[in-house]
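The following pair of complexes shares a single chain, subunit A, combined with subunit B in the former and subunit C in the latter.
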Partner chain A sequence: MAIEDTNMEIIKIKKSDWAGGIDKSRKTYHLFGPVKHKNHHIFRQLENNIYPDMEYMSSVLSPKSVLFPQSQKILVTSADASGKACHIFTPPEQDHTPRAVIGIRPCDAKAVQLVKLNFDTKEYQDPYWCSAFEATTFVGLAVNTPSVLDFSTSAGSGPFAQEGLDVLLVDCKDHYLAKILSQKGKEFLNTAGFNEKEDPKAADQVIQQMKISAEKAICSVIQTQHLKKKTVLELYEAPFWEDIAFSCISCGTCAYVCPTCWCFDIQDETQGKTAVRFRNWDTCMPALFTRHSSGHNPRGEKIQRVRQRFMHKLKYFDDKYDQGIMCIGCGRCVEKCPVNIDIRDICNLMNAYKPEKESDAGEIKGEIK
Partner chain B sequence: MNTITKNIQELAVSLLRDKTVDIVIGFKSGTVPMSSVPFVAKTTEQARTFIWDTHCRLNLANYLTGRKEKIGIIAKGCDSRNIANHIIENKISREQLHIIGVPCSGMVDKVKIASEFTEEIIEYTEQPDSFVVKTASQTKTLLKKDYLRANCSTCMHPNPVIYDQLAADRVTEPLIENQFADVNRIEALSRDEKWQHFDDLLQDCIRCYACRNACPLCYCPTCFVDESDPQWVGKGTDTTDIRTFHFLRAYHCAGRCTDCGACVEACPMDINVRDFTRKLNKDVFDMYGWEAGLDIKNRPPLDTFNPDDPDEFIK
Partner chain C sequence: MKNPYTPYPVKIDEIDIATEDKSLKTFKFVFLNKADEDNFSYKAGQFAELSIPGVGEIPIGIASSPIEKGFVKFTVFKTGVVTSHLHKMKTGDVMGIRGPLGNGFPWDRLEGKNIVIIGGGFAFTTLRSSIVYMLDPANRNRFKNIDVVYGARSPGMLLYRDELFEWEKRDDIHMNITVDGTDDPDWKYNTGFVPAVVEAKIPEADADTFAIVCGPPIMIKFTQPALKSLGYQDSQIIMSLENRMKCGIGMCGRCNIGRELVCKDGPVFTLEELNLTPGEF
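Let's look at the complex of A and B:
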């Protein structure tokens, strides 16, 4: 629940007190955070002697796995006739005691809100994702020095954006300013023993100044203003998809590193008398994703799948939910795509696209730079 | 513009203009530092966007499978060996191709370069033997030879093995005394250390299959990991399933792998996928004196039968 700005509270956390507070919070929360691993950072659950690396720039995979693990047991059953649950699928025991994600980037927190639109709807509430979400407090870390690949400000978020966060931490060299954004956030800071209140007006001014300079430092922008007005068909039939799709190798990298991609596959695995139903991340890039059991495949061609990815993120999503595009500008797919397919270019291309004549939308010979 | 880029563009433009080919496959510049994009040119204007630099790491033979047109293709040494593989394995015919060969002086390792800096790399420019890397606070000139990819530093076939035209003069082919020193190091480990080594190697695999999909050898219509009837492997993150995928893929490449490094290049998690294929390359070399894709006449040893084939391993 968001706290009104008039009751705004900003807490000062000296860096010398940080580790102690983190340790205190462990008594109540399972902590997740960025950790240096080999050449990069990953988000994972932190053991008691591990602290989140607050100097990290980005994590190779997004923190979506805290709520939506790559592989999750959702149901188990047994063929053992002596047991009570013989042949009855039941959810395994799950830990939904409080957890906190420390140091999540603001755009990644916004991504969780977009994923929520899928897992928490009026008709259906995904019990696994929703319980994990309820249990989680998001303690964000504002990005003072955005990456050259960060285009979050033009993708509905930003280096200091607050949406989806319970606390926003701002790194002020020897201390953090912690802006409380929800009751959950307040409770986390209390538990950690962070309670040195700052004058909210003065502290917020400091934060605003830092926000302005961080936003100014963002050098990468996308144009999205015309996407909504365009018809699905005119974009669908645009001539540029073939060129974009050529280099794609149909791997799952873009979807797996993406904080907003939510597609999954259900798999049953049996061993001896035990059966487990798993939910695994899936990706729309390989042909297998849409192959029907009949053998028919509505997206058997690479061009159809590449188009689907960008149409879903940049057009269908906004048309359906009216919440902007399904991309928060983190830059992970731009960096990690093995063939450098760049969503920024594609978004700009779609946004600027005008079929010459309605009738020959599908025939214009187009090319991309 | 460097000379090779200029030559590639000119050759590609004339191929398209004279209608010798319908398309030319090459690389264009990427949108982020140290990247390139496989690109198909159908017009002479598009052919003028081709580039050549030390980031053309992927293997363009991967884009030939199943194509029906007359194709011009830019090929460095390893690409040309995979084209030879493709021809031997009937994935494409020699007559369908016009190969613009590029004698290669090696591609650089972007992960190794990035690890030299604590800050993000924001600009990269190339000179003949060196490159300049810029971050927010520093500019450094580094030598290419110090940052070659591991597979490039042991490559003995930098010149294209088949081609119709060359975009540059042939380079000297280095003679490397032991091109399998990396495999020897792993072979020397104890059983437990080896297990640990491969466990660590696969710890980060997310099963995106970028390694498989970037590999020109992996053109099976349905990969065994994608089969559902029967289903050979689980699809989650179970270590047995992850190992099964990598082991089987490596064995499927035995005697066919040219060590082009596309698998490593494509991996988003920086896994040195070559640790699997290298051992098999070495075994095939030791047992059969075979290196993949050196010509279009001989079939790979595991693809043929000879009564004199070594069989000491059968106990």
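Let's look at the complex of A and C:
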């Protein structure tokens, strides 16, 4: 539950006190955070002597794995035919004790809110994702100097955005200002012993100033304002997909680095006398993703799969949930795509697209292929 | 929080070879726990994930009917890893069922209407469920005329033959069984492809008629113009789709057609609804 701005609380955390508070919080929370790994950063669970590297710029993979591990056991059973409960699947024990993600970027926290729309629905709740979400406190770190690939402000987020965060930390050189955004956030700061209250008005003004200059530093924008009113078929039948898909090598890197991609596969394994059902991250880029056992494949061609990716992110998602696009502008896929496919260009193309003549698009199909 | 991935444990109670080439078998399952049977309360047209621990899961339409109590039935074509394994299993073996899943046929909208059922090949399972449901004495007067066209390659490839021939004898359902061809001189039903039989035998549409079409893509493709020539609007044509699935609950992301998730928003759509999608099925 978000705390109203009128009751806003901002805490000052001296950097000299930071490590001590982190250590205190470990007694209650499993901590996750950015850690240097080779020449980049990854998000992972922090052992007792490891501290989140708050100087990090960006992590190769987003922190989505805190709630949605790359590979996760979902069901277990005995495969021993002599036993009684043989072949009766039950979920494995799960750890739902509190966890905190330290230093998550605001746009990555917004991504969690978008992914929530998939895993927490009216009809079904994914118990693994939802329990992990419930157990997690998101302690965000505002981005003072956005990267050249950051287009979060035009993708429904921003370097100081608060959506999805329980605390927003703002790095003010020798200290952090910690803006409390939820009860969970308040509890985390209490547990860590961070309780030096600042005058909320004055501190918030500092934050606002820094926010303005961070947002000004963002040089990359996408246009999305016309996407909503275009029909699915107009965009689907647009002529540019062939060109966009041409260089794609179907590697799926874009999906793995994306904080909003949630597709998964389910696979079984038997080892000795135990059968396990796993779910693993998946990607819509290879043909196998949709291939029927008959061999028929509704997205057998690369152009169909590339189009699926961008139509899902920029059109289907908003049509389904009315929550904007399924992209928060982190820039990871732009940076990591081995053939330089750039979601910003595609979004702008889709947004600006006008079918040449009426018969090109929006036409009701007379027959099923 | 209910775990939608945990299957109900079931025991294989009966296995019937469903077609002469033995490529389809009908499995009758009984639930190990009575409470699970009550929770597995379904509508005709829904499906379930058949779950074999250590092997995998497959989405299969429910062939038994909601009025048949004490068991559930599925007719399964042997084609991939899981179905091949299932075909080798024996009565008494324990496995799992997860469901019921999907929306099923729109029974609220179908009430009081003429129903035309058009099926081909293996896709007659949920149609069988629907027919048994409508013919139940408690339900029959909730529907007007029921016309059925069901075709297979040969007489031995028709599913549920005993029931089909029983329904032929009744006067509250008009059966049109057909085969692509047969060398049986005593074959007393139709010979010819489904679309042709539809055009010849199915009544013209009025505002109170719905056609439910399930079959292989080629049959669906050629049945559409046949129905159109009989005056059926796209909103009166109901189809049940299949796409590759894993989770069955709208989360894993592979069965979508545009924004529609076949597993959760479907598998049943009207042709009018499908016309607005990219048609990726």
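In the analysis below, the second predicted complex is superposed on the first by the 354 of 369 C-alpha atoms of A that agree within 3 Å, B and C clash if a C-alpha of one lies under 4 Å from a C-alpha of the other, contacts with A are read in each partner's own complex, and residues count from 1 in each chain.
Criterion: a contact is a pair of C-beta atoms (placed from the backbone, for glycine too) under 8 Å apart; a residue touches a chain by one contact, two chains touch by 3 or more.
Keep in mind that this is a model prediction, so the values were computed, not measured.
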item	value
Three-chain arrangement built on subunit A, subunit B and subunit C clash or fit	fit
First (subunit B), second (subunit C), both or neither touched by A:D345	first
Which of subunit B and subunit C A:F89 touches, first, second, both or neither	second
Partner chain in contact with A:C130 - subunit B first, subunit C second, else both or neither	second
Touching partner for A:E269 - first (subunit B), second (subunit C), both, neither	both
First (subunit B), second (subunit C), both or neither touched by A:S71	first
First (subunit B), second (subunit C), both or neither touched by A:K122	neither
Touched partner set for A:L149, first subunit B, second subunit C, both or neither	first
First, second, both or neither for A:V334, with subunit B first and subunit C second	first
Inter-centroid angle subunit B-subunit A-subunit C after superposition on A [Cα, multiple of 10°]	90
If touched residues of subunit A are counted for subunit B and for subunit C, the larger one	C
Least Cα gap, in Å, left between subunit B and subunit C after the two complexes are fitted on chain A	6
Subunit B and subunit C footprints on subunit A, overlapping residues	265, 267, 269, 367, 369
List of subunit A residues in touch with subunit B within their complex	37-40, 42, 57, 60-61, 70-71, 145, 147-149, 243, 246-247, 249-253, 256-257, 265, 267, 269, 278, 280, 283, 286, 288, 334-336, 338-342, 344-345, 367, 369
Interface residues, subunit A side, partner subunit C - complex	74-75, 77, 79, 86-91, 118-119, 121, 123-127, 130-131, 231-233, 236, 262-270, 275-277, 279, 282, 284, 289-294, 296, 298-299, 304, 308, 311-312, 316-317, 319-320, 364-365, 367-369
Residue numbers on subunit C that touch subunit A, as the complex places them	1-7, 9, 32, 51-57, 79-80, 83, 93-96, 217, 220-221, 224-225, 242-244, 246-247, 249-259, 264, 271, 274-281
Sites on subunit B touched by subunit A in the complex	30-32, 35-40, 42-43, 45-46, 49, 58, 62-63, 111, 114-115, 120, 122, 136, 204, 206-210, 212-214, 226, 234-238, 265-270
